[in-house]
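Worksheet for the structure shown next.
Every chain is named by a letter (A, B, C and D) in the order it is written, and numbering of its residues begins at 1.
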C-alpha cells in the first residue's frame, strides 16, 4: 500500500501533527509506504516527493507549519497558464500511489477530488482552516491555536487601553466567518465583537465607547477582517469619502478607527494582527485533535472508505462525503449559543 | 431574585470565569442580586457572604483560582465535629436566597443538593474538575488548562531526557481517571502513558526503554498519580520491598523509577508536577467553556429548572439531573478512540 | 514624609512593579505616605490623586500597564492651550508633597525637573522606555518584555514563511533606536535586521532573499519602524512614486514590501506588530529590574539625593543627574558588539 | 583550522544557541571546520564525533537541550574505572583538532583544561550553569530561562494558595547558590525566600505565615534546594526526629512543610519543581546571551587567546583565565543589593 500525502492552502498549526499521525498509523496498522508530496499540488506538477519514514515524522508534533511545504495557487488543472492534470495523473501512476490524503481547506479538497477522479486515484480529506469555517465539521485543528494567539494579543492591547483610557481595535482573521473574533473576543474580554455575519452600526459602537469612557473605562473592540457596516459595503471609495484622513491600505480596523474617532472623546487605536495568527506551535488541544484526525484518515484509507473527509460531529470523530463539503462556508448562525451568551454578559455585537 | 453562589473543593482555572458569567447574566437577564458565599460551605457556617456587582466581576475572567475562596473539608452537615445544617438553613433564609449555584466537583454538588433539600432552597450545579471525570459532562473547564500545563512540563523534561539519553518520568494528577495523563501525554509526545484504568507491566515499559536506548533515544513516560501495576496495589510495603532505596513519600513516579532503574541501562529520573497543575490563568478554551457554563446556569435559574447541572453532551451545552451525577467517576473506557489512536501511533500504554 | 508618584508617556510593562517597590520601600524604610497622581500630569491639572497603601500595591507586580493611568500629551505648562503650572504648583503645596517620583521617558523627566524647579519640589526619575533608548542607563524595564513579544511574533511568522517559502517582513517599534529590532531579530533568528541607525540598501536585501530562495529557504526580515534606505528619506511621496501600488497608511514594512517584491521571486508579506509590543505582563527579568529601580528611587528619596534618575551602569544599579539625560537618545553605536556578532553569524544588516 | 566542541554536565537552555554561534562565527570568520563531540567527554572516549556545517546549526537557536548530547559522569581521566586520557589525546591528534571549546560548568572546564594540557590541545571555555554560580561571570545563559520557569510555577501555585488560604512551598534548584530562588522569588512575588546562603529560622517563617493568615492572606514560600536551618544541618535523621510523619525522600520543601505545619493554622503544601527547570526553549534574553558567548568564544579562538572562559563582567562581554574559575562557587553575598531590596519590600529571608 502506497499512500501520497499533501498539504494545500495557507499554513496552519497542527499540519505536522496530522502528517505524523497519518504516517505512523499507516506504517503501524498496515505497513504502508507514505509518500510526502512537496509544496501542495506544486509537488505533483514539479515531480517533487519524498518518502516519509517513522523517524522522519517523530519530532514534528509540536512544530508549526508543514514539513512538506504548501502552496496557495498551484493546482494540477491550472498553473502558470497551463493544465498539468495529464502529467500529474501519469506521475501519480508512476509513483504507484493507491490513494491520496489531502490536508487542506475547502478548495484543496475539491481539487483533490476532481483530480482524483481524473487520475483514478481515490482521495481522503483532512479539514484544515484557521477560521473554523469548513462545512461538515465542528472544529478544525489550528483554530484553537489562532484563538489563543489572538486572545494573548487582546490581553496585551487591553493593558495599553486601560493605562491610557483608549478605545483599542484589534483586527483578526475571518473574511467570511467570525469564529476567531467571537471566541477570542470572549476569551480576551472584548467589550465589542464584530463579525462578518452581523453588520455593525458605528453609532451603537460609539455609544458603548462613550458610556464606558464616562465611567473612566477603556473599550476593547475585536473585529474580524470581514466585518462590514450593516447595509453597506466597506469599499475603498466609501472609506476615503467618510474619512478626513484617506485610508488605502489597511482593512476594517483602520476604517473603523476613522469612523469612530470623531464620535468618541477617547483616542482610538487600531492593530491588525495579520500573519502571526497562522503560525507557531499548535496548542495541546490542536495537537490532540490533529493527531486524531490523522489517525482517523488512516482508518478511512485502510477501510477503503474513500472520497470522505474526517470530521468532528456532535463532539465525536466521524467522516463526511467530500461532496457535502465543497463550496460551502460554515458561518456563525445568528442564533448561535455563543452569540446569545456574549450578549447576556454585556458584549456589544455592533447591532444594537 | 436573590441567588447565592459558592465554589467548593480544590481550586481550578476558570472558576472566576463562571462566577463572572453567572453574575453578569443574572443581572442583565433578570436584574437579580447575586450573593457570593466565601470559602465554599465555610461561608455558610461562618456567615461570610458579600454581594457581587457587575463591576466586582468585570476584571476576573483571566484570573486563576476563585475570588470567593474555597474549602475542601467543611460541609453544612459536618465541620469540626458538629452538624451546622440547621444554622446554615436559617442563614440562607435570612439572606432570602431563592436558589444556590454550586460550582464544584461531584462531592460539592451532592452536598449542595442534600443541603438544598434540607434548607428548602433549590440548587443548580456547575461541574468543576481538573481531572475531567465528572459523570454527565464530556468536558469540564480547567481540564484544558491542566493539560496545557502538563504538556509544557513534558516538553521541558523532554529536552533534558534527549540531551542525556535518559528515561524521564513525569507524574500528573488523576487519582481515578487518566484523562490528563492521556491528553497531555499525547500532546507532549510521551512514549509511554500510564493511566489508573490500565494496570501496567513494568517489564513491558522496560522493553520500550531498552529498545529506544538501543537507537540512542530517550524515553518519556507520562504517568497519572493513580496508575498501578496490573494485578497489584502500589503499597508502601511493596515499594520498600521491591527497591533497594526505600521510598516513603512520593507516589507512583518514584516507585516506577525504582522499579525501572534495574531493568534499563539509562538513568531514570522522576518529576512530580503537583500543585502547578491546578493553578494559573485559564486557557482561552477554558475561559469560553466556563463562560458558557456560567451563562447556562443563569438560564436554568431563570427557567427555575432546578436540581440540574450544566453539561456538555455530544458537543453541545445541555444539562443533567444532579442525581445522575452523584458518586460516580467518568473513567477512560478501555475502547476509547484516544486509546486506540495512541496505540496506533506507537505509544505504549503499559499493558502490552 | 509625603511623596507623590506619577507615570507619564506611553505605557510599558513593569510600571506597576516600580510603583509597588517605591511604595513598599518608602513605607517600610521611613513610614512615608505615598500619593499616586492619576493619568500622569493630567492628575496634577485636574487634581486627581489617591493615597497608595501597602495593600493597594500588593497584587500588582505582574500586572501590565499602570494602575495610576498615564497620558501622552498633558504637561503642567501646556494643556488644551493653557499654562497650568501655577495651579499645579499650588496643588502640590496643598498636598504637602515633599518630593515627586516621575516614572517616564526623557520627556516626562525633563518636564518633571522643570516643573519641580518651578513648584519648589524636588524630583527623582525612573527611566521608562520600551525602546531602551534613554541616555544614562544601559537597560530600561519593559524592554525585555517587548523583545520577548517580538521574538514570539517572529517565530510565528517564521513557520508561515518556511511553509510557503516566502519573504516575511515584521515591523517592530523603534523610531530612532533599533534595540528592539536588533535583540528580537537575533533571538527570533531573523535573516535580515534593519535599524534606524543603519541605512539599508534594498538591492542587498533582495540578494539575500534570492540566494536563500535558491536553496529553498524562506527569509525573515525584522525591521524597526524608523529604518530608512541609505541616503534617502522614507516619505509618503517617494513611496508612492517607487511603487506601482501606492501605499499611504503603513510604515516601513509595507514600503519595503513594495520595494522588494519586484526584485525577488518569492511572495513578500508584511506584518506590523503595533500596540501588542507595549502591553502584557512583564517578564520576570523586567519585574526584578523594575523592582530594583523602584527600591533605588526610594533610597535616593530618603537620602534626599534629588534631581537624579536611577540607572543601570556597567551592570550595576546607580544614578545619574537628570540634566545628563534630557533631550538625548541612546542609539545603537555602529561598532556595538551585538552588531559585530550579528554580522559574524550571517545576519544581513542591510548595508552590505 | 579544525575546532572541536563539546557540551558537558547537566543540560541547560541555550546550549544549542552557543553551538550555533561558535560554528557560524568560526566558519564565517576563518573558514574553520567545526567538529561536534557527542555526549560530552564520552564522545572522546567512544570516538563519536560529527562535523557541524552551517546548515546543521541553522535551526537550533530556539531548541532546548544540546544537539550534541551531554554526560554528567564520564571524563577522559576516569570512566568505568579506567583512565582513558591517553587514548583520548591520541584521538584528538587523529582528528587534527587545533583547539577545543568546552561548554559546561566549573567541573567541565577544569577537566577540559587538565585534558588540554595533557593532550597538547588548547581550550576555550563557555560558562554554563542554570544556577548562575560560576565564578568570574555575572550571568550565565540558561539562568534567565530557569527563573522564568520558576516564576511561572510560583504564579500557578499562588492562585491555589490564595483560593484556599494556604501556605504554599515551592522548591527550586540551587544547591549552593540561591540565585534562582532569589530572582524567581522576587519575580513571582514570594512572601518568603530561603537561600542556601542564609540559614533560616522556622519560627520566623511561621510568624510571617500566621500574621498573613490573620489578615486572610496566603503565604508563598520559595526555597532553594540547598537552604538549611540556621546552625543546623538538614539531615535525614534530624528530619525524622522532628516530624511525626517521617520523610525520607524529598528535600527541604517537604522537611520545611513538616516543620511549619504544627506552627501555623493554615494547611501547608509543598511542590518540588525538579527537572522542568532545566528544560525548554531558552528565553530571548538567553538566546542573545548564548549567541554572544558563542561569538566571543570564536574571537578567543581566532586570536589564539586560549585557556580562557568567556564572561560577562560589569555588564560587558569579557573573558577570564580558566584558573580563576576552577573549584569556586559564586554565592549570593550577604549584602547583595537584591537582598536589601527584597527585605525593603517586605520579603522575609528566613533570618529575622
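The rule is short, and it goes like this: a residue touches a chain if its C-beta (ideal position, glycine included) is under 8 Å from a C-beta of that chain, and two chains touch if they have at least 3 such contacts.
Each chain and its UniProt protein: A, B, C, D = ATP-dependent 6-phosphofructokinase.
This structure is a prediction, so every number in the text was calculated from the model and none was measured.
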Maximum centroid distance from subunit C, chain identifier (CA atoms): B
Averaged-CA centre spacing for the pair subunit C and subunit B, given as whole angstrom: 41
Subunit C and subunit D, separation of their C-alpha mean positions in angstrom: 31
Touching two or more other chains - residues of subunit D: 155
Pairs of chains in contact (touch as defined earlier), listed by label: A-B, A-C, B-D, C-D
Interface residues, subunit B side, partner subunit A - complex: 20-21, 24-25, 28-29, 54, 59, 61-62, 138, 144, 147-148, 151, 155, 183-184, 186-189, 283-285, 287-288, 291-292, 295, 298, 312-317, 337-338, 340-341, 344-346
Subunit A residues within the subunit C interface of the complex: 7, 10-11, 13, 15, 39, 63-66, 69-72, 149, 152-153, 155-160, 162-165, 168, 246-250, 254, 269-280
